[in-house]
Structure formats: structure tokens, C-alpha cells
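Below are structures written as C-alpha cells.
Look for subunit A in each of the two complexes below; its partner is subunit B in the first and subunit C in the second.
Moving on to the complex of A and B:
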């Protein structure tokens, strides 16, 4: 960014206060000054845009290009432009299963995460206890530990010789160990706990419209507690739940560590499959096609989210206008 | 107290008290109140005096630590909020943002299982009552503050509640709207004849709207009476000071007659005041409203009370003077209308006079302060 002679007056910080207080004398300077803020904003955006271009846009273009190649014998990549690899992947029952299981895992994890996080978030959003700050910190404290470490923790809990099986066995409640790890069940359980802090945070920030006076008003009008929840609390917290749902679903679609470690090689999802194809089989075109499919899945999820959000917002029409 | 037979009042509070755990001192310390059917009572007090807590206890939103709440002689103390049949208008209005105006108003009727046709008719009636019939389909966020206030009133009244409770109903409105809504609330209350209790910290509101006023301070009711009682005949210095402006002068009772009491006020001499009962020799306080004191230029040799103007503050319709009586006497607030009277600048020598019925005895305050 070399300063061209024409831009120098704006760049000079001393020129600004003078221009702000004294009336502008020479008119030629005026139009240049008016463009100033926009140009400055552009300059400020450049580093971020460059970083995005280098780390996101270019690799993405490269992945798109790779997905149009074909894989030859012995890990060779045949440079071409065709949809053959797409056809191969979409036609195979194996990859079909992978996509189905990815979505299934996402749906299950999202459902359970929302169900267990909602009461916690609702409590934290409504409590007036002086411990609120501490409880809030506790709820999101798991984020301080790497999800790899937490996944290993779940392996120790859910495994054949894990805490759960040992306890149940010790109590004589089971004859054979329960299959809690190395399958979808284990991945769902561990993922649910791992995504809870995200869900709780997203919900609390989305519960803004919840005002205790609304619940009091509903009660004073004759609504028992359950009706207050159904008619007032639930509809008003739904936008927060929706946002949390989007976040968890997207996180779980792209989740790699937990399915890999707890799945024990028996849970195949897009993220693990992409890794295997790219690193183990060195079949980059297939890995690229799977990446594109994952991206398409995100697109669908976000489209559904936006549609649902708009449907919800339609019930608050005007609420948006009033706030903006 | 608990054995009181069926009382005259429609809404009766008996020794109602609330103590919050972990906080020293009670929020409400034994409130006795009676509101007759169809009347409007204002509970007036400074913030933190326990008036809102009292209202919330009547509504059932706060559980009293002690005391009873009766409506029509029926004890409601242990009846949960949703079966209490109270219409509550909250300070923030608490309208449901996800429902439109008509559905906000219909909420209470839906809870009572009102048949659809009747529900629609009553919602329309309630909206007409608050003059919002044309806005039934609007979203809450599209309404102005005054309109929201009306929706809140309609929503509370549509269920024909036993008692209407208003928590600082005008505090969220700007000054102009406030006086319009004041008249509007009075009209609606007259039209529906619903027994009403409202809480406010604004003495103008309380005096102009209510049939009766209960002045509250530090969790207790200081005085209950008509607006005129409260303003003209305050029984305690707190009431005199909180409702309107007042000069409070401490003195000693020097003589008791049929309707007046002579009180020796240091620096002012003996003043005849109405009120009582008191006994000679007792310490007491005399109240003189600033606007009841007249000022005239000092005429040499007259026996009247003389003073020196310390300051004069012009306030449009009135001038607020501070006048020191004698050389080292008390400083009195004096308020004179502008225009018809001569005005005095600081340092002017003046004579002070008042009608014989202006000074009132307010019994000495008990306890602290």
C-alpha cells in the first residue's frame, strides 16, 4: 500500500481534525474527502480478505478442481474434467451408507444435545442466583479441555471394561458387557456431551426475549405452569433452540475425532471417510468429491435453518423492525 | 386479627408481611388495608418502600411471610396465582411478543375455556373499551407505549377480574401521554367498576386518580385516607414531606383549645395549628405548605412574622422563595404565583403571613429519622 500523492491528505492524521472543525476552503478537496471513509474501510478489509482468499477460497477452488479429476490405478490422478468420480461415489452403496450414517449421527446428536442442554440453558437464563456466573462458567468449562481428551475420557467410561459396564456388572444387573463403545451409540453419547457447551451458549444468547414478567402475566391470566411453558416460554425460546440446533448439527456433520476414536473403525461418516481416502488410500479425487458432498449437505442444512428462522420470525413480525 | 368476621371491604389485607431471606429487615412489615368494592386505591411511596412487593403478594406472585389476603371474605392467601382471578398490569406491560393484539387479549379467556363466539365478542368489547378496536391484528412491537399500555389493560380486564392491580402504570410513558393515560385509566375504571389497586411513586398520580391513598414507607403504611386527607391533613411528617412540599417545624405544645393547639416554635413564636390530639408540653411538629404562606413587603412596626429572602427561583407559574425568619430563625420554603404578586429578590425584607387554618400538626415521628 504505497501512498499515492492523491491519497496523502486523507492518510495524514493531522489533516482530519482541521477539516472537521474549520469549514473546507478549497473545494477540490471535498469529493476526495467524502470517499475517504469507504476507501479506509477497504484498506482495513484487505488483510482479512487476503487471508480468506489464501486459506479458504483458493483451496476450495482446488478441491472443486480435484473433484473433477479421476483416480487411476495405483493412486495416480488422471487430470481431466468429468463428473465420473461424482458418479462413482454417488453410485456406490458404501458411500451412500456413509452419507446416510453422517446425517443419522447428526440428527441423533443434535436431538439429544438439544434435549439435555435446553433445561440447563433455561435455568441459567432465568436464575437470579448469585451463583449464576459460576454455574455459567461450569457449564462451558468442558470447552477448556480438548475434545480429544474428552473423547478418551468417554472411552474409559463406555468401553467393555469401562466405568459403566464395571458398575452394572458389579451390581449384578448385566451378564455380558453392554456395547456402548465402538458403535454409533457410543459416538452419539460422547458427541452429545462434547457439543453441550456450544448448545448451551447458543441457546442462552438466543433466549433474549424471555422476560420473567411474561411468565407472571400468563400465570396471572390463569395459565398453570405447564401452559405457561407451552404457550409462552417454548415459543419465545425456539429461535435460540434453532440456532443451537444448527450449530450442533454442523459441528457433528464435520466431526472427526469422536466418530474415529469411539467408533473404533466401525462408524463411517464423511469426515473419517475423507481422511481415509486422502491420507490412507491417497485417492484425492474421491476425497474431493466427498468434501463437495459434505459442503452440499451444509448448504442444505443452512437453507433449512434460514427457512425455519424466517418462519419463526414471521410470528414476530415487527419485532425485528422495532429492534433495528 | 385472624378472627375478624366478614369484613366490609372487597379486598382486605391483614397484617401482610414479607421478609426476604438473607436480607436484613423486612420488605413489608404488616400491612392492613381495606379497599371497598369498585374503588380505586393508590399505594404511594418512595422506591423500595415495599409497595410493589405488596401488590405482588396480592397478585400471588410473591408468597407472603405472614398475614392474610381476602377478597369478598374469601381467604386467597394460599391460592396459586393462576387461580386467583386478579387482573395484573405490569410496569413493562409484559405483552406476549409472539401473539398479536387480539390474541394477547384473548389469552386469559382461552385459559378459562371461554367458547369461541363469546371469546371473540369479549375481546372486541375489551379492545373497544380501551379504544384499540382498529388495532386487533397488530403485532405488539408495532404499537406505541401508550397503545401497549391499553392492550395490557384490555388483557387484564377482559377476564372480569375480582381486582385490577396496576404496577406503576404510567412510569414508562412520556409526560404528555401520561396525563392522557391518567384520565383514560380513571375512565376505564369508572366504566367497569372494577376494584383497583395501583402502585406509584408519583404523588400527582395518586392524588388525581385514586379514591383513596395509602402512603407507604419502609414496609409500613404511614397513613390511609382520601387524597384530600393525605394532602391537607397528613398525620406524620413523612406523609407531609412525601406528598407535596412542606415546611416542617419542630416545637412544643404550649396550650390546647377546642379545635386548635398553640405551639411554641423556636424563632417563630407561637403558632396556632389544627390537629391533634396532643397534650400541653409535648414535642410536636407543625406543617406549613409553601403555597399557603403569603409574602408582603415589610411594614415597619407591624407585629407580623418578618424575614429575609435568601433566594428566589422562577419556575414559570410560581416563584419558589427561601426565606429566613428573623435573624436566626428557621428557613421557610414559600411558593407564590407569578404575575399578580410583587416579586422579591434576595436580601429583600418581607413579612410572612398565612391563613389560620394553614398550619397543621403532624405527630412527631416514631423511632428513627
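Moving on to the complex of A and C:
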């Protein structure tokens, strides 16, 4: 992950079969051969780069350009180069609230997703059952259904006449339906379930350091189960939790479908606001500025993640050095 | 690092290729059969609203038109709303992706100003002369093709006392059961209706309407019913709502009367869809022929009887039972609240922002 794409193959030229089977070549070709692996890597990168350029870089340039325009009356766009629209958005208390609510939703959803996914991931990572494959498939099976359909499912469960309210009402526990949908509560509940498979997958792949032998060793030295978890399991699984947290947080920051469908129009987040500005209010410059702000937010999140990851790594290597 | 220079070259080549590819793609998405106006079979690409609107319009306007003009085929491109049309036309000004497009009259003036639409040739669209005065366009651009109005919708199974007035939205019986999708044109229309009830002038000051709507906020269950307000009323997720009359009438029939649209006694606001000739269209003659047919008496009557819009052509006589259910009813015509949509275009964004920030978010 840290190695630059162009340098990795050069470190080991023997990695290519050509280098291993045809060691002798004419001298004029030698400089080209030396660069061969790098060039090969580039060729391999071409489809991806091309796709990224077309679908990401070019539209992004267009969005950056649009964010420097100003909006006129009735959706007209005044072509100019100014930061006026940025000023307008950053100076508005409404968009301040939108950004706050976006981050708030991200934190809530990430917290709940990690809490409910962690036990599942831990079980799946440690189990030796022959059903492990099936259980793994079940854990990520929800991904087969679109999040639109799953959100509608949650609306049927949480709505005014939904399963939860009907049941509670039938048991005589409530007088009036609980407000579980069409607000932030509904969005958090639905999003948590929708992002769980991502979190579980990310955690399992990040639990590589977890070794049952360490747990047995701790237990054999008399550590109670709680201490084993706190001192051994939790620290060793933290990198996986961190990656899952990043993934869920980023997905939730950019999430559109769930806040839109189950938020009842009350949950203003950046993604829904960008859509509204572009499609309802026809204010493209503001939509572009909000997109840039969302991008900046991603930048901050990824910087925090890298810092946290490095801090964790330092703790691990520090602990190992202290031991040796 | 020796790999850097070839890397840069490759990136440069890729950029060039990508630019070329995008240049080509704009021609790839232009309407099919671009054979110009000179003879042969032609295809007119038409952008209209999706869903039941598309079904009704295809059945009552496009099919008969194609039958009467065997040399012209109409391709229907369904769109979500007028903003989507605007976006698609902005992205394809030289070789537009449509020849004819529907657009709400609150957005159309912007498209006209940006020269995305072209003025019509009155000689090629003789039915322009047969339009009712409110359907005519002042500047020669696309005329109205449908009239609709804002209604109150309710679920007849759950609601005991049916609403008859805009004030009934504040009725205690409906508290917590309202669906109010007002962060768009519906909210703008509702503000105008409330201003009339409150004795204000929407061109001067909409504070009274905004303040009144704020008092409704605690009773609202959802500001954004999913998938739309008509199905929310039909399923009983919400009991009372505001919505467009034509779609409400359509759902009234399809739900066997569970969904009931009411045109409130104080009168309501007309929503206008215009039909427009796209600038730089390769088929201006065929396109205008199609526009002429769509605003003609035959198509208007067939479409309105099917979809409950009110006719724009003065020669149309709707069946009385249909007419009563549209914006054209005697009752509605008497209580019509006039709206200057061209003026509203300049306030639209500001109003929607106020609804979102002060009424919903407040």
C-alpha cells in the first residue's frame, strides 16, 4: 500500500517470467530491458488509469470549474472565476448545519456499525466450524440486494404502521406510534444495517495479527477472559476496526439513498443537499461548492486515518522491539 | 527514477485519447437517424416525464401522431423532472440529445434565456392560434401543453372528515399524519395559495405564508414521502398530503377511491408544462409538426380524458365527468389563483431555500 506503483516491480526484476527464462539479450536492447518491468506495470495500469481519468478526473475538473462560477436568477450560471460561491456557502448557517449533520450522522452510523459488526467479525475470524464459509456468505449476503430495496424494507419495519409499531401497539406498550422513520433515528438504524457487511469484511481482513496461540498463552498464565480480550484480542484487532471505521465513515458521508428515502426530508446531509441544489433549486455553482467541501472532508478523514494507522503501527513495532 | 518519463508520456497520450473519446461520445448520444429534414423516415426524440405520464402520453398522443405521419417516429426519453431536461440540454448544445422537450414553466424561461430552446415558427404550428390565452407564450417560445393544479390528497379509509380547504391542513385530526413534499414547485405553489388566503401579495412579501407553514411543521410526518406522495397516501403511511391533481386523480381510479384528491374551496394554483423545440435540432420541421399535434384539439382531448390534465386548446370539450376532476372545472376556473411563473423563475431558488431552512429545518 505504501510502495509507489512504478517502483514496486523494479525492486524484484526476476518477478517477471521473461526475465527468468531469457537472461541473455543483445546489448542495444539492454536499456529498454532494464525499464521493461516498469513499462509492463504501466501497461497494466492503463485500463484503470483511463477509466479513472474519464469517470473521475475529467468530471472533477469540470466540478472545480463550476464551483468558481456564480449563480444568477432562475438557475442561470454566470461564467466567472471567483470564490464568491464558496464565501456564500461557508458563510451560511444552513450549510454549516448540513456539514455538522453529515459528520454527526457519519460518527453515529460508524459507531453503531462497528459495535454490532465487531462480534460477528470476531466470531467469523476465529471459528473453525465447517460452516464457516456458509456463515461468511450469509454475513455478506445483504450486499446482493440493493440498498434502495433494503431501505424500503426498513421503512416497512420502522414506519408508522410498520412491524415494530404494530407489535408494540398490539402488546399495549405504546399509545401513539414511535417516530422511528422519517427522521435521523430511521437513517441511523437503516444505514447501520446497510454498512454492516462492509464493516465485517474489512474487519476480518484486518484481523490477521489475531493468533489463538496468544490467547491460549495469556489464559494459561492465569488471565481472566475479560483481561485476555482487553489486553490481547482488542489491541490485535484494532487495525481491522480502524479500516472498517474508515470505510463505513466514508460510505456514510457520501450516502445518498438512505438519508433521502428514510430521512423524511428532515435529514439534511451533503449528498442530499448537492442533489437538491443541482436538481430542484438549479443552483449548480452551489452544488459544485458543496461537492468540493465533501471532497475536502474526505481528505481530512483519510489524513486522520493514516495518522491513526501510523500510531497503531508504532505501538506494535515499539512493543516488539521492547520484547527483543 | 527512469520510469517517470515514459509514465508522463503515457499519461499525456491517455489524456489525449480521453479527450477524443469524450468528443466522440457527444455525437454518439445525439438522436438517432440524423438524416435532416430532407425526406425519408425521421425520428423525433421527445423528452417527457416518466411513469404514468409516459404511458398516457404515448397512448393518446404519440401513437395517433405516428399513425397520421407514417414518415415520423417519436422516441420517448423519460425524465424525472424539468431540471434533468435542463442538465441534458446544457450538456449537448451543439448536437442536442432531444428535438422536443417538456419543461415546467418555472424552469422554461431559463432554458429560453440560455438559447437551449428555439422560438416556434407560427406557420408550422397553426394550432398556436387555437390556444387559450393563458397557454400562449409571449415571446414565441414553446407554449403550454398541460395545465394541472395543486390539490390536497387524503386517504379515504383513514380520514373521517375530508379536507375541503387549505386551512384544513391544520386540522387536529391530521396531526402527525401529514405528508408535505414542499421543498420544490409544490411548496412554491402552496405559498402562493396561502398568501391569497392570508390576504398577502406573493410578489411583495411571503413572510406570512412562511410563518403560517412553520406552525404546520410539528404536524408533519414526512417532508419527503417515498417513493412518492401518491403511494404514501394509498398505503396509509400518511393520511393527508399536498400533491398534483392530475396524478392524484389517476391514483384515485387505480386505488379504487382510496386516494382522494380535493381541489380546495379557496381555489388553487395552476402548474404549467410547456412543450418546446430544442435549439439546433436536426428535425425542426418534424419536431414542430409533433408540437402542433400535441397542442391540437384531438390529442389534448384524448390525453386529458386519460390523465386528468386540463386542455390548453380552446376547441377541446372534455367529457363533463372528466372536466369536473381537472383544473378546467367551473369551480376551479372561478377560484383560480393567478401565478406569474415567468416572474417566479427569479425567486424559485430563494423560496425553496426558505422552505427548507425556515419551515423544515426551523
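One rule holds for everything that comes next: the second predicted complex is superposed on the first by the 281 of 324 C-alpha atoms of A that agree within 3 Å, B and C clash if a C-alpha of one lies under 4 Å from a C-alpha of the other, contacts with A are read in each partner's own complex, and residues count from 1 in each chain.
By our rule, contacts are C-beta pairs under 8 Å (C-beta built on N, C-alpha and C of every residue); 3 or more make two chains touch, one makes a residue touch a chain.
In this text, all values refer to a predicted model and were calculated from it rather than measured experimentally.
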item: Combined model on subunit A: subunit C and subunit B, fit or clash; value: fit
item: Subunit B versus subunit C as contact partner of A:161, first or second or both or neither; value: second
item: Which of subunit B and subunit C A:219 touches, first, second, both or neither; value: first
item: Contacts of A:128 with subunit B and subunit C, given as first, second, both or neither; value: neither
item: Subunit B versus subunit C as contact partner of A:211, first or second or both or neither; value: first
item: Subunit A residues touched - subunit C or subunit B, whichever exceeds; value: C
item: Per-pair minimum CA distance [subunit C against subunit B, superposed on A] in Å; value: 31
item: Contacting residues of subunit A [partner subunit B, same complex]; value: 209, 211, 213-214, 216-225, 227, 231-232, 235-236, 315-319, 321-323
item: Complex contacts: residues of subunit A adjacent to subunit C; value: 6-7, 10, 34-35, 38-39, 41-42, 46, 49-50, 53-54, 58, 71, 73-76, 94, 97, 152, 155, 159-161, 176, 182, 260-266, 268, 276, 278-283
item: Subunit A-touching residues of subunit C, taken from the complex the two chains share; value: 1-4, 6-7, 10-11, 14-15, 17-18, 21-22, 80-81, 83-84, 86-87, 107, 109-110, 113-114, 176-177, 181, 183-184, 221-224, 226, 236-237, 345-346, 348-349, 352-353, 356-357, 360-361
item: Subunit B to subunit A touching residues, read off their complex; value: 59-61, 81-88, 90-92, 94-98, 107-108, 111-112, 138-142, 155-156, 159
